[in-house]
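The same chain A turns up in both complexes below, where it pairs with chain B and then with chain C.
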Partner chain A sequence: MPGAPGFRPVTNVADRTASVLGDPEYRVEGRDKVTGAARYAADVAMPGMLHVAFVASPYAHARIVAIDVSDARALPGVRAVITGEDTKPARLGRRLQDWPVLCWDRVLFIGDRVAAIAADSAAIAEDAARRVRVEYEELPAVLDADAARGPQAPVLHPDASSYRYFGGDRPSIPHPNLQAYAVHRHGDVDAGFRAAHRVYSHTFTVPRTHQAYIEPRAALVWLDGEVLHVVTTNKAPFALRQQMAASLGIAEANIVVDAGHIGGDFGGKGLSLDEFALAYLARASGRPVRSVTRYADDMQATNTRHAATIALTTAVDADGRILAHTSRVVFDGGAYAAGKPVATLLPGDAMLTLAGYRVPAASVEAMSVYTNQVPAGHSRAPGQPQNAFAAESHIDLVARSLGIDPLVMRERNVVRPGDIDITGAPWHGTDGAEVLARLRTAAHYAEARTTPHSLGAPAIGSGVALGVRHVGRGRASMVLRLSRGRVELRTGVADQGGGAYTLFQRIVATELGIPLGRVTVTRGATDAVPNDPGVGGSRVTPVQGGAALDAARKLRVRLAELGRALADAGDLEVIGEASQETHDASMYAYALRVLVDVETGSTKVEHATLVADVGTVINPVALRGQLEGGFVFGLGQALMEELRLEDGRVTNPSFADYKIPTIADVPPLQVELITGDPGPGPFGAKSVGELANPAVGAAVANAVQDAVGVRVWSLPITAEKIWAELTRPDEVREVAGSAED
Partner chain B sequence: MKFTHTATVAAPRAKVWAQVMDVPAAARCVPGVASVRASGNGKYQGTLAVQVGPVRLVLDGDLAITARDETAGTASLRAEAKDSRVGGAIHATMNLALAEKGGETELRIDSDLAVMGRLGEFGQPVIKRKADQLMRDFAECLARQASAR
Partner chain C sequence: MTTHRVAFTLNGAARAIDVPADRLLIDALRDELGATGTKLGCGIGVCGACSVLVDGELLSACLLPAIFVDGHAVTTVEGLAADGELTATQDAFIRDGGFQCGICTPGQLVAATALLVEHPRPSPDEIRTWMMGNLCRCTGYYGIERAIGRAAGMT
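Now for the complex of A and B:
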């Protein structure tokens, strides 16, 4: 492409560590996947297996007056019909169990389930579901996170105090319709505002999005004597075992959860729904029961990324240096908080409203609100795309208002080791100055800023944005067995596509100094391997990878103690463990170039440069795949993705109407890696799975403003929104983007 | 989903009003409508067969005139219909307004459509396209009838 900066290959790390790490890897499970041999949950069948259909609420908020299942039950081929009367008071959820397995009293969103049917075929089950007659009394629905916090709002969860919360006491909430509420303060905020040269306030909104994994959820459940077997698409099988045990009143020892290959997760597959009702159906029918969620139901009734409204106010000095910051983030949590695994019950990084900068004083308020909308849960880098879109748009607006170049503004404020950041703690992580210096060079920033615009051609603009992501934390363990000179690593980590098994194989082979071919990685169900925290939270490389490294080190120590070589040591077994409580974080930054058609607002991202601090590279191909995939994931949210809801119903519940990027939408992406700053993971590795997606939206918004002078305040940044701003009278436009002093 | 449709019928308002309020006759102007009959109290029962994308739906249901004001030329209708094969239902509120403009009548219909169950999976653009088409055919048919009388 003319004028595009030269492509540079992934930084070679061959010289940094032992042999194998520098070489491009082959996926250990790659052959099974490309040949179709890999089995996913929906591929698993059992003799005598029944198929399941659910009856779901057509109302956003209603009382169940009566349910008549007699016609459904009478249909030939129907083996079991259950309603909320059979499952109450069982509720499900990852941290807070607030979601009824089947509703018995009220339904709280369109898609909330009231009955389940197991039948000889999926068609019969669906037919029976249509014959269930439910009488509802419609109740006023709360569809808006602001309305839900009003004094007149109906309380959606009057029995919230009785819900099970894993791990201590649930944080207190100031309004009954809040799922979660948190505040953070550090420094002298008032003094910062008093000393300010200017104070800027801006408000941004981000819609619900779906994770858009290829594989819809599926589950197969059966009883073998007392033992409940669960085949699932859940990426955290041990956590699901704990949730099911608590919800169903079964001992964990009597539940076996088996999660194999998972066809995409992107944060959404940590929440299980069907598995719970299936346990009742398996008991009622005495047969194995399987459900495969229809994709439209997956989009209407599972857990989406939170919609959010983010209000930011920042005080700066005359040079644009941040003095103090206040923010308020309101997440629409939907009908249930069940999808959120973290103790705060907020989406992961809800409080990071100005991440990556020196923030001497801050007051941050964040909340997640119950509404009668689709429940919200976790999605790749939870909370961050919302906050990064707001923060990085905000910083750009401040820079432009002060007449400071947006990259210079960031260079003046970016966090460096030891600086106090938005968390109020000293920053442990990437030197932000290095990231921005690399970005300036790699993106040919000075040239890009002065590219002349020719008449009649689309307007050209460039935009920058940065983001941060913590390195994964948690505890994990796995077993390493040596037998006849070969080692086998047994792990409970499910394969959701990130390349975990290849990572473990390379770590073990590198540590033991043996060829990759002598290391096998096998996955076990929850009864066959030690406890594992599951995939998520950018955890696999630093935590589970750490356990694999620990196992290899222990084996090496044992061999040394025995004075034996690997080949003639006989049979040995060690357990590797890792506990990662790091506060390390990584930084990345984008420079994008967009073309905007000034007549229509149509926008195309023409080129992207990504600089990312990744530490030591273990899987070079997968690492690049995660960064590129993260960029494309972020690009979808930036330009086109929005789960549109009307009166609580998703109006675009298929990929015909819900657009995600295809390869035609993806511009050349130049990736620059910073590998010289070791992280807390194996051999100095960091995390990359959730590193690259959050900042894309703001980079696009900033580039659009650079190109045509208008600001888009919400995602996605569509041609319609740009056109509306372009055709809006100037005085109105200025009010929308005004600063307050 | 909320839609607004407008159409112009080349006939005076009083004539169009009479046409529209004769529900069984007016319903025959909607392609695919079969067997509309009055069930008393301003209510009607009927069936609408439509092809939406690749799927043929047979919607069985009731229509009720919930308000009418001939002087103002406005009326409200409520329709509830379900398809038992695909699974799903439609609840619709329609507000009709007739305005005379130089011997012609402008017909405006504001609809609020709740599409429930499987039918909701068609997605808004598909349903909107179908509603647009039905409404266009309806208006053309009314105009034909008006000029024929």
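Now for the complex of A and C:
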């Protein structure tokens, strides 16, 4: 639907925008959330409801020889026991359905499920799960993405050609253990390298991390006649309906998916697991069945951020200008690709290995590899935390080698509208020069660079990094009803906390020129509202917000046609639609100051400045919260977060061992907004939910090098790694991790 | 397992339930009393989502056997607003971005309420020390700190 009303340049709204968007923001679901009234999936119970436990593989790779469920079935209070024999060949997944609902022949990672039990209580279900006897024949495990691509590697998915792939043909892969493979090439790469003053190559690694939402996954499933009802923590209910219909062989019309408030998502909750097995248990028991995932299981067996190895090579001229770039990114996809929703089956922005810069010529290769590790999926700005850490570390290393100030290096190369960037297309977004100019001023860059160190005190360093993020794409629709002078917007958007309903309320009120209090926003299950693409891909503000704006405009047009005012128009209903296919992008940049204890390597971020291009601000409180929260999300992944695996087993599967930032860990953060460059969203808005987190890791690494002269090549940037570099003999340190020329 | 009668005050109202000795307070609240405002997060007493007050003391309901509250007064998020009137802390959490998804918010609010009883005008260090046991993945904590400052009348 090109040229949908939501994305035309906005005219004649300036006065209304000023009147309503200037009003204080008050979350429409705020009262429910501060009184405990807000309902999340695990809060929903039904009479006669059963509780679920799963039996999971203790092996990273094994053949199932036999399963004996007789003891489990005999336990009083057990109502249904199912195994892979009952569910085969059903597989689940967002784009590629490669993950068995329950395994029947082989298990591919520790935590892969082989049986499920529904019982009168969770304790009984767990007791029964322990009584299921599974005989396995252990198989050689492939725990490394390089080994998985070798000639000797066992093929983990020999039946891959039979897997369901939504939306056309699955992209071809050059090795059977690849989930996905893609190359991109533009410009004359060879000429760029021939003309180079210097060529730099560096390799970086980024570990698995968990999204670390506080709410573990939960689901409640029951059958009402032919209709399967699903209450879920999934943030894309219509997509889940499609996946379940295909996997279970049920018509979409006979599945109702209801996602209420979701207790944190960060990309992870686009993938559902339990809902599929629960459908079988509901049928087998004739009762409602509910599962609430134990947090340790959520960390061991759902879909993490991909671990990745990123190798970058860049040719520059004597002034540090980028001439050509080649890269290779290997993502460890784990046992299943089911968590990835995009058509390439790569994590979202896998190919952006030098984002935000003019890149006249590039050759980029990215792949996601099957291993016997925890499956990987989407995590806030998928692909970008990995690539931004690598690229922004790489650019800093090049600058330092050439004797160019890191910020000057970026100023010389940053994209401006019309420049060819890493995608090979003209940059259609923020003027990068403006972002960096604001950063230079706001962060008092010159002063920070010359702050003297005092003897015996921690070393001080400053680091910069920039990042880009597309403004979301997709299509959405919602219903706007007018009744007795009040308008109600009905939407299928789930609430994962970004402030969508308040956004819609403010958009509709602004467009109609009415007080906020006359607009209500109601969420509906999949049987009650038009199809919605779900929360994700930085989509809600431009796309769903665009549908809300379109609905309000249609209502305004109808009122004008009727010659009626809102208050006396009677009952009206319109459907708002929006489609956003352009490739707009935003940019942001950080300047951080760190203190490094040279005796221990212990590092503290003392202050951070974030400059972000956000376009028009609709929800000022939520926008600030998303940027601040994005920074701290990135800070955790920069300094402390790593899902540690030994032989396929997560060894830190709890918040006691997997550390995320607490309130005591966050430094002062100065946020500077650029609002003058309109984006494609309502009134010129852009999206910010995935804007701010990816570049934090490199900003810290760059500041650490500035402080103590050593480079950390992997996330997280721990005291141990810095100390190891500090105490390494100089001649060894010179060659570690890096090869120049 | 033996069953025990637990009589206690929940948000000002007398309640009595019969629970096995190993029933955790969080399950008793959520499953037996329908008080689902208190949230389950990590389940091991680290994240603070299940924070409740027992006689004014801040505790994790996911670790506390329900029988231990026999004869005591339990306050959960549902008990903060009196007669439907939000407390200054609840209102400030809405105005200052003290939450996004809201799953940690019941625990944050219970902890912040206890903080403001102990330190009516808390210093930044007192806020950080007190609130360290309540994880939030959405806000980066800045909004929570602003909200507590506003609730304490400091902004």
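Quick notes on this structure:
In this text, the second predicted complex is superposed on the first by the 719 of 741 C-alpha atoms of A that agree within 3 Å, B and C clash if a C-alpha of one lies under 4 Å from a C-alpha of the other, contacts with A are read in each partner's own complex, and residues count from 1 in each chain.
Convention: contacts are C-beta pairs under 8 Å (C-beta built on N, C-alpha and C of every residue); 3 or more make two chains touch, one makes a residue touch a chain.
Every value quoted in this text rests on a predicted model; they were computed, and no experiment measured them.
In the superposed pair of complexes, A:656 makes contact with chain B and with chain C alike. By the touch criterion stated above, A:377 is placed in contact with neither chain B nor chain C. Of the two partner chains, neither chain B nor chain C is touched by A:333. Using the contact criterion defined above for the overlaid structures, shared-chain residue A:268 touches neither chain B nor chain C, since it reaches no partner. In the superposition on chain A, no contact is made by A:492 with either chain B or chain C. After overlaying the two complexes on the shared chain, residue contacts for A:36 are found with chain C alone; chain B is out of touch. After overlaying the two complexes on the shared chain, residue contacts for A:624 are found with chain C alone; chain B is out of touch. Shared-chain residue A:680: touches no atom of chain B or chain C. For chain A, the partner touching the most residues, choosing from chain B and chain C, is C.
In the superposition on chain A, no contact is made by A:545 with either chain B or chain C. The contact surfaces that chain B and chain C form on chain A in the two complexes overlap at residues 654, 656.
Listed in rising order, the residues of chain A touching chain B in the complex are 56, 58, 110, 126, 129-130, 296, 300, 644, 646-647, 649-654, 656-657.
Listed in rising order, the residues of chain C touching chain A in the complex are 30-31, 35-44, 46-47, 49, 76-78, 80-81, 86, 90-91, 93-97, 99-106, 109, 127-129, 131-145. Of all residues in chain A, those touching chain C in their complex are 24, 26-27, 29-40, 42-43, 45, 211-216, 261-266, 292, 294-295, 495-499, 621-622, 624-626, 628-633, 654-656, 660-664, 666, 669. Of all the residues in chain B, the ones that touch chain A in their complex are 1-2, 84, 87, 89, 114-118, 120-121, 123-125.
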